[in-house]
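In what comes next, subunit A is part of two complexes: it sits with subunit B in the first one and with subunit C in the second one.
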Partner chain A sequence: MVERRTWFSTFLPHFILIMGVLIVAFPVYVAFVGSSWDAGTIANGTMPLYPGKFLVENYSRALLAGNATAREPVGPMLLNSFIMAIIIAVGKIAISIISAYAVVYFRFPLRQSAFWLIFITLMLPVEVRIYPTYKIVADLGMLDTYAGLAVPLIASATATLLFRQFFMTIPDELVEASKIDGAGPMKFFVDTVLPLSITTIAALFVIQFIYGWNQYLWPLLITTRENMQTIVIGIKKMLVTQDALTEWQLAMATAVLAMLPPVLVVLLMQKLFVRGLVETEK
Partner chain B sequence: MEKRSVYTNKLLPYLLLAPQLVITLVFFYWPASQAVWMSFRIEDAFGISTEFVGFENYVTLFGQRSYYESMWTTLVFSLAVTILAMSFSLLLAVMADKQIRGGSVYRTLLIWPYAVAPAIAGVLWLFMFQPSLGMIGRGLIAAGVPWNPMLNGDHALLLVILAAAWKQISYNFLFFLAGLQSIPKSLIEAAAIDGAKPARRFWTIIFPMLSPTTFFLLVVNIVYVFFDTFGIIDAITHGGPAKATETLVFKVYSDGRLGGDLGGSAAQSVVLMVIVIALTAIQFRYVERKVTY
Partner chain C sequence: MAVVTLKDVRKVYAGGVEAVKGVSIDIPDGGFCVLVGPSGCGKSTLLRMVAGLETISSGEVAIGDRVVNDIEPAERDIAMVFQNYALYPHMSVYDNIAYGLRNRKTPKDEIDRRVQEAARILAIEPFLQRKPRALSGGQRQRVAMGRAIVRKPQVFLFDEPLSNLDAKLRVQMRVEIKKLQRALGVTSIYVTHDQVEAMTLSDKLVVMSGGQVEQVGTPTEVYRRPETRFVATFIGSPPMNILPGVVETDGRVSVGGQSLAAADMATDLKPGLAVDVGIRPEEAEIAAPGVAGCAFAIDFVEELGATELLHGTIGEGAFVLQVPTGSVPNGTKQVALTIAPNCVHVFDRETGKRLSRRPAEASKAA
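What follows is the complex of A and B.
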């Protein structure tokens, strides 16, 4: 900028950003500290702002033994969340990429109608059709199954739109060249379209994994057996209405464990994450 | 825009579309049409048969005081979260947009809360603001504030708002930062040469140029509060105390679960559908504008 930088104008942005980072990180830090103290210290309200000595004990109890109110240990819940998130992410990408391919690279009757049918699902989030959807999943015998957890969530208008948009940018010359070589549509898809789409697929995967991992309402409805619970649901069951019974140190250890995988995904794959986030919103 | 060169297979495109369409029809359209159908019917006392009643469920719904209260709660909730999260994120984004050292480090440190599930965000905030053992909750009481989100509806709503806004900071920050970085620097420099001070440059150039991003985020934040905050509410307040944090989505859930009032619950779902359709339409009209902006 044309103005001369003063000591103040250099310092102020850093100060505000550091305050922002601290405010954003504080709740998670408190949870981490909470997961490292014993129940007594937390219940007294005398928990300090530095970690205590019960870290290993709390995490191993949470992971392996479970607590008094949610009897299931967290280990299997993590696995359930992981399986659900992977099926949702992979499923969404798989069915969306082939339907976008059909809409872009073929001409057939009802093509526009099929596209609109997919597009309109944007306006039907699960929250507005809670009980009828539950009833169908129940009728199909999919309660308490991984298929029931994941399949109703894998239809995706946003992913289809995103792939469609990306396919539009692939030069027509590539299809023509492939046709001259005598290759059919599936060969063109596998040899050309799929390799070109890798970055888009990866970016979508990051977003959809987080989306799947953080699902709440749907697993809450359709899982009744404790061994099918996901970790995000499990933590809620640890909070007891009579506060005295809540084992906060275990609840906080579980919260930290539940946050860790998706947060790591964001931090380690930041470029893909930002790209996926910005592109799915177009 | 259409492809010039396409394939002419007869069956293949339908096979490729089949998985997506089957899931869409079975788990989206069928339940949605069931909701609409049920909203015009009433189930008899034994749940054996249903009877067509026209708009009776809607009349009953809009005659309930609690429905308006839930609408009001949802409105206050969404406005508070939107204003809080957006203004805080805009401030941070403007600071991160200045060419300072470590800009990308700040970005990394601000975007990760996006990955925290709403329900967990709620639990984290409850742990801090719990009146008897929470760090901040106890502090408030020690300072003479009669803080109790378990009994006081306003306190509960405030807690839910804070947790929801906290989780939304990273999303808004990312989009504001991207918006700021797309504003041509020459424009701002020209204004600076003309003697416009930073505050004036912000309000007369940057803020208006940012308006497409701001409007887009406004809609996204409202949709987020309407539909994605269910986890926060269910985890920390269960809609209480005395329904003070019962949003429209939470009401559909709790009314349908407790009572067998399927018709009434379906009518609520249909009202929500209308709201989503309106919000999505606004969003897409706007996106067209963004392309030509």
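What follows is the complex of A and C.
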């Protein structure tokens, strides 16, 4: 397409992009600035829009010492969230890639029914089935454990569906060539399906890691011990205080810290992630 | 190396569709058998049954003296070349070729020796470390061939291996496949819908239609003596002309008002019987001046370079004549054609079967 550049066609796209970036980035910036002032300045409502000089102090307090209300330092909470998110992401991928492999490549009775059963669980997110799930986890004695935090969230219709769609694009001839080359189902899975799925796996890992990281309701329900708390709950607890002054600077520091791991995951996997979302050539 | 025997092989799909309706073929050791037919004729299904990728509904497939009906593809000692090559996209060319050997626990140095040898035969040595996506279609085709020959199987199976190549490369690869098969002496079954490929490659040509074998023979036999109207029009390019005719006495048949001698026409046909008469475009000749012949009205001319195709009609039937360029002066509207008696093929109008002087069995043996 030949495009004639005018003042207008140069300016307008940039204007729209800049507006978009501002809308997304400004609150993050405010959180960052907030985390660099002392409680008094923020409480007065006189916090300026440039960073203050309490940055190091706030972050070291948030990470190591905890604050007056939550009493739990951010470090262990970050670790809890990280472990939970990793178990959820890895677990989801492991289970759904295997079930998708079964549904696509094996002919067994009730195969379609199995697939549709998995599919309709899309209509039953955690929030809907929260009571029975809680009951089961409680009866199994998994309250306040990593297993209890992660296992109920591992089953994933979305990931199964995605892998199924991807497997269906792998040409049948590859399966047949493998058969003739003497590779059984397990060998075909390990030697061919897994390497071909690597970008899809990366994309799903990023998405599911963030999904796990951002869980709020479920961890809130099943963790009562302070040392099992996740970062999202930690932030929430810092904001609601009965009789003390909310330490906004610590809450903001915690929020900024909470953003870092997902950002890191996205950055590290960006290349694979984008390829996984757009790749069509097999 | 092995003889491949198909005995009354059938394939019925779950819905009751019968894709292959009882096919029996014997392929001699080292033979090159080509299955040819229009799409949907069951040729690929038949090949896939030999490979073990489709179950056999009834009948028997034997490789050597072993019935392989219930044997896994990997155990059948076959190698297959697919239409879209089916190379593993994430493996290098070397690994693609070596994969089958590794799965069979072949010693490492043996694998390396065989892969290098296959690469040398196919001239793909420079690409061994590349991924398939970095190769052209022809090179991928060679890799697919390499994957087959490295295994030293008893039978090669080719499923339209050249259809994804451009015309020039197809001709070149066709010759190479033939040479390679000759050199290795491995029994081969080759599926194609391209009748030129079928003619040039095969020592045994099997023409299929609607799940059944129409004719089995050497390419020359099939070309010279098509057993059915279908084979007559399928093999040969441009296809054989089919004209309505009427049986006369003394082994003659009337076409478009002209009486022609038919050397191979059955003698016990009733005069006046309506039949189909087949004449190849390249076998009719323009009559010398003064000699009587079929009146051929020319509509238009297609230039092919060395030859030209004259399209027109004889009587009511459409007819194509292939002659050397310049045989007919420009603007000629009508010529007379003579046709040698052994170039006139007569077919039953109802069944499409050849109405042959010799019984069909005798002609097959010939």
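Throughout what follows, the second predicted complex is superposed on the first by the 250 of 282 C-alpha atoms of A that agree within 3 Å, B and C clash if a C-alpha of one lies under 4 Å from a C-alpha of the other, contacts with A are read in each partner's own complex, and residues count from 1 in each chain.
One rule holds in what follows: contacts are C-beta pairs under 8 Å (C-beta built on N, C-alpha and C of every residue); 3 or more make two chains touch, one makes a residue touch a chain.
Here the structure is a predicted model, which means the values were calculated and not measured.
Undergrad: Answer with clash or fit: subunit B and subunit C placed together on subunit A by superposition.
TA: fit
Undergrad: According to the contact criterion defined above, which of subunit B and subunit C contacts more residues of subunit A?
TA: Higher number of touched subunit A residues: B.
Undergrad: Quick one: is A:M269 in contact with subunit B, with subunit C, with both, or with neither? Answer first, second, both or neither.
TA: In the superposition, A:M269 contacts neither subunit B nor subunit C.
Undergrad: Quick check on the superposed pair: does A:V104 touch subunit B, subunit C, both, or neither? Answer first, second, both or neither.
TA: So A:V104 only meets subunit B here.
Undergrad: In the overlaid three-chain picture, which partner chain does A:M142 touch, first (subunit B) or second (subunit C), both, or neither?
TA: A:M142 sits against neither subunit B nor subunit C.
Undergrad: Taking the superposition on A as described, I'd like to know which of subunit B and subunit C A:K187 touches: first, second, both or neither.
TA: second
Undergrad: Is A:L196 in contact with subunit B, with subunit C, with both, or with neither (first, second, both, neither)?
TA: second
Undergrad: For A:E176, decide between first (touching subunit B), second (touching subunit C), both and neither.
TA: Both partners, subunit B and subunit C.
Undergrad: Between the C-alpha centres of subunit B and subunit C, what angle is opened at the C-alpha centre of subunit A, expressed to the nearest 10°?
TA: Result: 90 degrees, to the nearest ten.
Undergrad: When the two structures are overlaid on chain A, which partner does A:V240 contact: first (subunit B), second (subunit C), both, or neither?
TA: Once the two structures are laid over each other on A, A:V240 reaches no partner at all.
Undergrad: To be precise, I mean the smallest distance between any C-alpha of subunit B and any C-alpha of subunit C in the superposed model; what is it in Å?
TA: 6
Undergrad: Same subunit A residues contacting subunit B and subunit C, which ones?
TA: 176, 179, 281-282
Undergrad: Okay, in this complex, where on subunit A does subunit B touch?
TA: Touch residues, subunit A against subunit B: 1-3, 10, 12-14, 16-17, 20-21, 24-28, 30-31, 34, 42-45, 47, 49, 94-96, 98-99, 101-108, 111, 114, 117-118, 121-125, 127-133, 135-137, 151-152, 154-156, 160, 168, 172, 175-176, 179, 184-186, 210, 213-214, 216-217, 220, 232-233, 235-236, 239, 243, 248, 251-252, 255, 258-259, 262-263, 265-267, 270, 273-274, 277-278, 281-282.
Undergrad: Which residues of subunit A touch subunit C in their complex?
TA: Going by the criterion above, the answer is residues 171, 173-174, 176-177, 179-183, 187, 191-192, 195-196, 281-282.
Undergrad: Across the complex, what residues on subunit B touch subunit A?
TA: Its residues touching subunit A are 1, 3-10, 12-14, 16-17, 19-21, 23-32, 34-35, 38, 88, 91-92, 95-96, 98, 100, 102, 106, 108-121, 123-128, 130, 132-135, 138, 150, 166, 169-171, 174-175, 178, 188-189, 192-193, 216, 220, 226-227, 230-231, 234-236, 249, 252-253, 256, 262, 265-266, 269, 272-273, 276-277, 280, 287.
Undergrad: Could you list, by residue number, the parts of subunit C that touch subunit A in their complex?
TA: 51-53, 72-74, 78-80, 82-90, 99-100, 103-104, 133, 147
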